[in-house]
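Think of it as A, B, C, D and E in the order they're written, each chain with its own count starting at 1.
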């Protein structure tokens, strides 16, 4: 066993004024294991560091204590210094004599006494330090993006532009997501398809991007830099390589009763279909629940009309296994089901619709070819009422606790578009609050009121009643006027809350990414790491992390891409060596540690253990040091104290406690 | 009513109603749903604010207490789980429990009823309007 | 099948029809309503305040009696159903009320909400089944357009009563269909009739009842049916009453062919 | 009991199990002990009566490593411990066949002795069949009567209930024996002044001879190596050398089993010095129930334990609800 | 009171590296004084604090132990302080049960920006412990006479 060296810094007079540094040196020399102690004006200076290095070399020191400023300031400096001198950098401990002693105490006796104790604690700890080496792991230079909406497309494009391969996995037959369903976008009112479809085309044409449409992630294993993912390519029954996208099959298909998902179920689509005309890939899929051939072996018309011979009724699901260095979750959202809001008569009247349905009605490619009309009788509405916060901001069991964030703005957009195109239509908006934080957002909302004469009423609606004459009565309240209102309407539009896509729960489980009570994926840090999940190598893009509009989604998508690029640019990942470690000889395999690990870094293996010559197979905890971030939650959860944290071990901390309480 | 009394009374109302008036976000869905809204001098959504602001004296004197139908439309629809109907009822309770707090006297009943009045009407009214 | 039966005060007096036809129909449908002994009035309204105990005891007594007999407790009157079911919920879930009520009651075995409260309509839907009911119908009410009037007490608060979707109920419509008539769906079927307010503010109740009547007749109803004596009273006596209002048991008895038999 | 023995023999004979984990007659008639019976013949020494308080769950850790299936007998309260071990992967469900045996309250010979009865030769009336009202104690000074109830273990007076939480089949009836509140003593101690509390525990803990019986019997203390025997905390020096281990043993042990302890009461049952060790465990249980909602360890084998779980709105340390 | 002023309690403070240790540094940088009786041990997260450490401190004669971590919701490791909160709630309650007064144990959430809070917390805590006087040593929980 070699000795410990103690280096006390004056920090000019910062430490020396309230701590008798000579006394500290003197006292340190009395501690067991200390073979060298000295003081110097500025330990962090070139000269100071040289003193430390010299002592390490000459006295062959096994541990170093630097009594100086906070380790948050110069721990890295002194570790590097030690490493250069041939000592493992993790054999250095800092006694914080400046921030936590000399600067806060005025009496020199008091300060010195405390400094001695802090030094003693650091010496006690360092004598139990062990050499630690940061691990290394390789990086697969390819990223996976789960979800092909605007978030996923943007992330993929940004990653691909940096020169890395990206796969997009999209569950529906085409990429595009919810944005493809929108008519116009706020606050500029540009056409959604006009700005989205070029991006879709870019993604499809990009040599670094590979799109798995109509596919789902089936299984994920591995860890940051080295994920292995099984992707299920659902049977399309159409050969992607042969299909020319002519569309003859869709035209001829006799089964046309399925509700069009793309048009929010407002009209029908054939059994063989692409969701919309600009679909990418422009290759249809056969819906097996609707296809007469697949259901009862009749028909087969599509195969007959397909000149390319692309129809293949025998196609089966296929599993592809791919390796990735990073994974981006961009699973997006759905509009909530309105089963809990029957007071608004959504299920009772065809003229009560959701805002997303209105988008389709307003869209030229939609079920009404862009004409604003009632779905019940095709008549042009004269009075439209919008109801805000349907299922958002709820504290009951029926709705969501959060604000869906986008509704105030899209409602203003709808109101403006309607008033602009149909000036004789009256628009009333029942709102609780109008929330417009965002560039040019409030101006946009004010335009709705001031230029377009939209009638905003502060108050919620209690009930919507269909009337015998086919109209609707909206029973609301004007809180500012303190009056109940009964508004006659031809159409009622509900700003239904949005929620994370249902499959996100399953995906989060596969990725060991945590989700909150609302099924949004939790970010690693709400302020400082908003696009990373706590699980290393998993990043977040778009609404899967929380409600957001298109500009925000695109920004976050870019941010996630940068994080991915930063990761993929590395050839090796250095892992924090201060990670948890289980003594497999003694581990009970009880799972307590894995239950508290926020990173999913702990797994269990049945291992053949050689316990003093007795060989037995035990279930034991295994820490993946690439995933472990070193918080130590597991070490306390472990009932047998088998799980320990390197660099902050039980014995080290107890030694500090003992030194302080001595 | 002194301010401490108001405080206690407000706390009592919150307690026996079993709801937390602070959860109210002033959306007005209760007032939009209330069939007795026109008759109420303090509207259902205001009722919640009065309890929060501990203005119990005004509540004790208000007409609304006697017009709430306990139809539970506001209770059913309140998105914040505040359930204003329960607060109105709690306020009514604190009034009828006081001496002279009855809103209905036995003497006035004969003039109010006809031959077809079901017992249910009388027992319900007695429960709601009297101690 | 035997059920404990809680008729309630009004069914003994002004709403005898509601009771008589129910018993007759039950006989045809093969179940028996066994009136519990010494029942006391439920009070008509559920005491909402959490510190009300004594006013809930009559309900607890009835519930306990059903429990002791090992039977489910059936009611016909909406108010009784509402009160019994909510008190039972208190006894199941509200520790404070359960403890205090049991302290008052001094039962052999404390009552913890074991009994199950059923509305007669629930018996038809969940125990007999509307399909079965349909088979027993001898005089289908074909061609009749009937509006269901639910009122408040059967439906709200939905979380506790769990009777049906409080904003868009279907049970009485399904019942009407089973009897061979056509249900008329109108949005005011779950709006309040004014309830006890008609004692002191007849105008308010009248306005509300008119709204209900207008909506029902506007959608083409020939008649309304209800389960609540007070609704029946308000709708008929307190409005312009454009369509007649019957108890649901009356049309049930009629369809089952037992209405005419006088006792 | 014959029904039980017949059934066990049947299961051995048809190959369902290869051994039985049960209780074997002791030398005194009131001290049966856990035993693995490897054949039907060995079962001649089998006993199941009021003195079979020992919880067999923990023995199944060993049983899970043996070849073939083991038949284990679990009383209702033992099933909680078994579930907890199952949750912690310490026992294997497919290596065990569980007969849930009825229980009418278990007896404590110390309770009988405490009534001033000396020179006990045998105790009658502890059979599991029958009414279990009264015990007849044969002593060298003649026969004494003791009410069954008065001879019951403390834990049976606060029994969790007759229901077996896990089993393959059930045999024999149980009786409700609960007539107390298990937190009464904790409440009393909580009401003392700090000086009184410290003195109380000092008095009790000073009796400890560090025999480790409590640790050895505890179904939650199933670590391959106990922290006290490990060098991970610098507490490995044996008793009388390290004052930390010496004085903190029971407290640390209680914390280690917090959220996992099923309150089976075995620690107090086996303590030769009669230290009420369950008072530590119950303090944790009471706090957990109060702060984080009612939680019964071992009620099932899935629910997350309270110390490996949290809510965003948990109360702050030192705050009272 | 005058006696207690002279009494120099031993106080062990466990501070998480990311928030509270930085908060203590900030207190230092802002020269916000607090009693020298407080000695800080750096841990990565409040969830690293094993109850064994606290019992050890009391057994070795500490008069008070305080644990500082990031505010709930701000944990560097997302969830660590939530586990710490439960563990310490139960441990402190147990210590109280053993006769170690509540005032001798404390958890405080101190962010890296809360130098002032760190200093006032330490001042308050130390004066509360001084008020109580020397702790009974948990080491005496078993007397071997």
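The rule is short, and it goes like this: contacts are C-beta pairs under 8 Å (C-beta built on N, C-alpha and C of every residue); 3 or more make two chains touch, one makes a residue touch a chain.
Not measured: the values here are computed from a predicted model.
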{"item": "Each chain counted as touching subunit A and subunit B at once", "value": "C"}
{"item": "Contact-graph distance - origin subunit C, target subunit D", "value": "2"}
{"item": "Comparison of A-D and A-E by number of C-beta pairs in contact, larger one", "value": "A-E"}
{"item": "Taking each chain's C-alpha mean as its centre, the one farthest from subunit C", "value": "E"}
{"item": "Chain whose Cα centroid lies nearest the overall Cα centroid", "value": "A"}
{"item": "Chain at maximum distance from subunit B, centres defined as averaged CA atoms", "value": "D"}
{"item": "Rounded Å distance, subunit A centre to subunit C centre (Cα mean)", "value": "51"}
{"item": "Rounded Å distance, subunit B centre to subunit D centre (Cα mean)", "value": "55"}
{"item": "Between subunit C and subunit E, centroid-to-centroid distance (C-alpha), Å", "value": "62"}
{"item": "Separation of subunit B from subunit C, taking each centre as the mean of its C-alpha atoms, in whole Å", "value": "25"}
{"item": "Two or more partner chains touched - positions in subunit A", "value": "343, 463, 596, 637, 641, 650, 654"}
{"item": "Subunit C, residues touching no fewer than two other chains", "value": "167"}
{"item": "Residues within subunit E bordering two or more other chains", "value": "51-52, 56, 60, 73, 79, 83, 87"}
{"item": "Every chain pair meeting the contact rule", "value": "A-B, A-C, A-D, A-E, B-C, D-E"}
{"item": "Parts of subunit E lying in touch with subunit D, wherever the complex brings them together", "value": "51-52, 55-56, 59-60, 72-73, 79, 82-83, 85-94, 96-102, 105-107, 136, 138-144"}
{"item": "Residues of subunit A touching subunit E in the complex", "value": "70-72, 96, 98-101, 103-107, 110-111, 113-114, 117-118, 121, 514, 522, 524-526, 534, 578, 596, 598, 629-633, 635-637, 641, 645, 648, 650, 653-654, 656-658, 660-662"}
{"item": "Residues of subunit A touching subunit B in the complex", "value": "343, 389, 393-396, 398-399, 432, 458-463, 475-477, 479, 482, 484-485"}
{"item": "Subunit A to subunit D touching residues, read off their complex", "value": "583, 585-592, 595-596, 604, 616, 618-619, 637, 639-642, 644, 649-651, 654-655"}
{"item": "In the complex, subunit A residues that touch subunit C", "value": "341-343, 345, 347-348, 397, 463, 465-469"}
